[in-house]
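Order of writing sets the labels: A, B, C and D. Residues in every chain begin at 1.
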Amino acid sequence: MPGNSFGQLLRITTFGESHGPAIGVVIDGCPPRLKVNEQIIQQDLDKRKPGQSAITTSRQEDDRVEILSGMFEGKTLGTPIALLIRNKDARPEDYAHLKETYRPSHADFTYEAKYGIRDHRGGGRASARETAARVAAGAIAKVLLAKEKVHIATYVSRIGKVKVMSPYTELDLSGVYTNDLRCPDKASREKMMTLLTKARKEGDTLGGIITCVVRNCPAGWGEPVFDKLHADLAKAMMSINAAKGFEIGSGFAAAEMKGSEHNDQFGSTAQVTLTNNSGGIQGGISNGMDIWFRVAFKPVATLMQKQHSVDKHGKPVTLEGKGRHDPCVVPRAVPIVEAMAALVLADHYLRWKAGR
Amino acid sequence: MPGNSFGQLLRITTFGESHGPAIGVVIDGCPPRLKVNEQIIQQDLDKRKPGQSAITTSRQEDDRVEILSGMFEGKTLGTPIALLIRNKDARPEDYAHLKETYRPSHADFTYEAKYGIRDHRGGGRASARETAARVAAGAIAKVLLAKEKVHIATYVSRIGKVKVMSPYTELDLSGVYTNDLRCPDKASREKMMTLLTKARKEGDTLGGIITCVVRNCPAGWGEPVFDKLHADLAKAMMSINAAKGFEIGSGFAAAEMKGSEHNDQFGSTAQVTLTNNSGGIQGGISNGMDIWFRVAFKPVATLMQKQHSVDKHGKPVTLEGKGRHDPCVVPRAVPIVEAMAALVLADHYLRWKAGR
Amino acid sequence: MPGNSFGQLLRITTFGESHGPAIGVVIDGCPPRLKVNEQIIQQDLDKRKPGQSAITTSRQEDDRVEILSGMFEGKTLGTPIALLIRNKDARPEDYAHLKETYRPSHADFTYEAKYGIRDHRGGGRASARETAARVAAGAIAKVLLAKEKVHIATYVSRIGKVKVMSPYTELDLSGVYTNDLRCPDKASREKMMTLLTKARKEGDTLGGIITCVVRNCPAGWGEPVFDKLHADLAKAMMSINAAKGFEIGSGFAAAEMKGSEHNDQFGSTAQVTLTNNSGGIQGGISNGMDIWFRVAFKPVATLMQKQHSVDKHGKPVTLEGKGRHDPCVVPRAVPIVEAMAALVLADHYLRWKAGR
Amino acid sequence: MPGNSFGQLLRITTFGESHGPAIGVVIDGCPPRLKVNEQIIQQDLDKRKPGQSAITTSRQEDDRVEILSGMFEGKTLGTPIALLIRNKDARPEDYAHLKETYRPSHADFTYEAKYGIRDHRGGGRASARETAARVAAGAIAKVLLAKEKVHIATYVSRIGKVKVMSPYTELDLSGVYTNDLRCPDKASREKMMTLLTKARKEGDTLGGIITCVVRNCPAGWGEPVFDKLHADLAKAMMSINAAKGFEIGSGFAAAEMKGSEHNDQFGSTAQVTLTNNSGGIQGGISNGMDIWFRVAFKPVATLMQKQHSVDKHGKPVTLEGKGRHDPCVVPRAVPIVEAMAALVLADHYLRWKAGR
């Protein structure tokens, strides 16, 4: 099956290129009679949209969403919900110099290798602009999860060398979206901002880590074997542009631990464990504890520095940074991680209903 | 769709419980006229099978594979290939005490929560025994990849605190399966063995990391957006029992890097980059460089120590370690990682053929 | 998986309600570098669009298609192609009386039973308006098939009691779309028109049969067992509104034949058979002969007569025919049958490429 | 996706060639805690198995089924259920003359065209022997449906020129399996037997029609648009060997009817209609009335007569009828139609549960 759909029972299909007429998404399988409207979706899109602060791209996109189908009198019909976002502030001329040139650590060459054709304007389909469609779909998934009291909190836990040292359990995650860095820890935030300002001045970029916590997920969601809940989360997260790593619960640290340290002892019942190295999932199925995981992002590949590169004929080229780009994609990736988490969970919620 | 299948065009469906009559796999979509036989599959199964050394479970399973279909005169027919492995050295009585008890950091409770029933003998479907079916299927995927000259090398790069310090490019990966630890570095191997012997004596267990390298993958394999090649690899790896983390190329280290450090500069053509932080994939599509990634595994949850636990009625129970288990699952997971990598790549190879 | 997608490798997802803002389709898996444009799609849409003659609904819809994505400089990119058709001549007030009433032999009651909510305006998602999206997608599938020289001819072979007596092999199928009845046989056409005029006057409706012929399909397309080429065709056809039956080659007549009559003898090679009762497919796989099949359609359920009905509270209601409807859907279904046939064949063409 | 799987949430994958070691099926998605055992499955297999009477092939296959997985203490676990049937009375030597020869109206040539290789023994994968796996899986689907009180009755309604004249509503369908012809009408049965005896003597074969009735299906099952309940039934039926046509409710007769005749008027509520031309489905969704449909089968292609044919080099060959074959496949196809209907309905039952 082609690669632009995600999910089994709640299934989204996204479309659109960065500088084409529009991007959008069709959500199939959304249960009927959910109260959804454009405002709910717009709220989440606004968290992701560019042009919000000094540390994001200056591209101005309203990212106005239009609901094309699947709704009637304010409620979902159970039929496909199509969401449309027109591209407005496209400046294809910014990309004319890339028509025959491959940018380092971009998908220019690989798209050419796969398709023998590519839309070079702003990365075309490979642009992170596609993720706006995911955020829009995720907003609807979150409405569905909210009915089951499942809640997702997501935040920036590292940018470059600056890391939030407290575990998520000691942080107040309620106000994450009130600050541009999407980071709940004030001290870290200030250091991150210093780092980002410096990087921007140097025409350089930074990577980082996002932590995501799913609360109130009932025990029993997920599939054993291949469609383990955390395997689906891993795929969802690694499908986000610039993601380089995924770890759940103890993650890579588990490799250094002994079983006697790592095992999560039960409390008074099996619903509660005293530690949560498992990250809320055992054997691919939720155990009722918080599901928590982390996603690593590489620094943005487009630099405002001169870079050596090659064109499609193999001729050396010097690239000058052009276009409008974020020095660090991580804060804007927070609602994307959240949306993808919501889509995975909502899908497994429907699968759970079928399997009962 | 239920969760026991993997892959789109090369699609496997595994079945079987640890102490039921048999485990097995149906491979659908394998191209016709491949030379396959039971010996080729058995070779890979033998790399995974238990009872091989002091550091693996003493359960004796021949893991004899029988090809039930899809072959004619030594060649694949293009029809489904069913592979059957009978369970022989099952000792269900070892597990009688677990009928009503949940083991910490096992899937006992979550299966009960999901299904309201479970086969408590050896973990039932949640047992790593299921992965023998994956290894068998992977052997066939490797035959298919070999025709395209794609080759996969996999090894243990960490057990507990002992880490192989050299990058994979400086290691000789050809003889990995000649040593019990599946580690190409002699000095690390010795330290790992010391560590494992100590852990086993203490009734404890250890985690570790496996590194996997795919060589000669042509540029252009993979799908953009959701089915990115590394997203499918992430799902495949995280679906392996005890996996806690996945990272590709620079991985989590990317979070700490600047763009000017991280970008892979092109060499004389776009086919070659001077560094490989991308891990051989850009925008979800292979770029012709080595694909390399790492998978973190937690320590085995079954300890040969007394552990506190609860039964299904919430009553506290003291668990004594019983059954036959590995103190460290990582060396035996090497052929599993390799098999899953082969299945992902072979699937994307067929998808590439369709999309050309 | 939700039910609004069709196809495996060439996969379409349609969306939209009859009187909502728009209908549309996302086509995923279309190969790159195909020359496609809005004119090619519009041509096929125009064959289906309402308001063309005395025998079709007077609803005026331009059915103007807009390509939202997946194209660059006149060629397909290999990425999803989204097509949008705005609803214009919607008159929801025509349907106000149906808000609580179920029309006989319509999907009003069943949608209510399934979803607990429905868009009663013009049948909502159940309206045949959805098929415009299929026709648009089919136009692109036909471009793909044309490169392989595969050609599809489709025509009305029966309306009510009037049946085209000649087999398709004796008809000139090239000018089907030049007449409103989409019937290649002049004598039948005249009788059909008489019949339709009479039915319209009586406020009644008629059913009919469409014959479809696929020429130049190479031998070897199709999958054995479940995804037999004719099984996929059957599903495609039966998914069209008002379809009641499907038969391939000899079809229902085969039930009355002896094997010695029915078997298709080979000519000088296995590429050619002297008869074609098989309908061009053996064991689910094309044999190189014409693929030919027939689809039966019921008469339109909306009558311009008074009908007894019930409302959602079980109260008897008298329905008066309102809205704008075709007295016979069959001529307008010709491009829909053709589009669905093209989508099935193009999908199996890609599957064939993957499986070689 | 490869073509050997069927169903979305209750998904079966069959495997095996007619004269290979075994055939079988993996059923994924079966809900937990269903009481299933080998006897229940065997009962249905026995209805299909060869060698039962003068009018079926003399091949003796016990068709002994073994449950390999997915069961514990007499109940389903929710994990994949693998069922195995060994081939016993295989006589490959009967087919040696077919190694290079294509039989008319068989899949010999098309498999060769698709795969470039085939197992010529008994048709290999194209043999109707594959359907035993479907019957085994269907037995489990029927257990699931029985819990919802859904019941399926299936019978032979035509063989050659002999047709059961009464509608199904006037027949007693309870004892269908007590007679070899699977026909509930005594008078028709006698005529059918006369016809079959004559055909067998002449070395000829006959086609026929099977009628299937699903009772007590609640309103609301099915998906609109592509996965309409009757579209999935059509695909299921047309995927059975030798099927040439499918019609639901009024079927092809609808083409000759007026809307005023065809519309099913509601009774006192929308749950009951006075006629059932719709066949129990409106807009792809069940309406609570009986679902009834018919499947046409061609006469068996293997004749006990001399036939002209060609070999793979295009050389003319005279085929003599060999092997063991049924003069009419229709009575043995009754449990197959029933099994496929059960699989479609059980799948849509699970989809309905997810969508509520």
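In this text, a residue touches a chain if its C-beta (ideal position, glycine included) is under 8 Å from a C-beta of that chain, and two chains touch if they have at least 3 such contacts.
Model, not experiment: these values are computed from the prediction.
**Student:** Figure out the least number of contact steps between chain A and chain C, where 1 means they touch directly.
**Tutor:** 1
**Student:** If we define chain centres by averaging CA atoms, which chain lands farthest from chain C? Would you check?
**Tutor:** B
**Student:** Chain B to chain D: how many Å between their CA centres?
**Tutor:** 39
**Student:** Counting only Cα atoms for the centres, state how far chain A is from chain B in Å.
**Tutor:** 26
**Student:** I'd like to verify one number: the distance from the centre of chain A to the centre of chain D, where each centre is the average of its C-alpha atoms, in whole angstrom.
**Tutor:** Distance between chain centres, rounded to whole Å: 46 Å.
**Student:** Could you pull out the residues of chain D that touch at least 2 other chains?
**Tutor:** Expected reply: 1-5, 8-9, 14, 29, 32, 78-79, 114, 125, 224, 355.
**Student:** Show me the residue ranges of chain B that touch chain D in the complex, using the header's touch definition.
**Tutor:** Going by the criterion above, the answer is residues 1-5, 8-11, 13-17, 20-24, 26, 28-29, 32-33, 66-72, 75, 77-82, 84, 114-119, 124-125.
**Student:** Quick check on the complex: what are the chain D residues that touch chain C?
**Tutor:** Counting only chain D, the residues touching chain C are 1-6, 8, 14, 102, 104-107, 109-111, 113-114, 125-126, 130, 158-161, 199, 204-209, 219-228, 230-239, 241, 244-252, 254-266, 268-270, 273, 277-279, 281-288, 296-303, 305, 307-310, 312, 314, 352, 355.
**Student:** Considering the complex alone, what residue numbers of chain D touch chain A?
**Tutor:** Going through chain D, the ones touching chain A are 1, 9, 29, 31-32, 78-79, 224, 350-351, 353-356.
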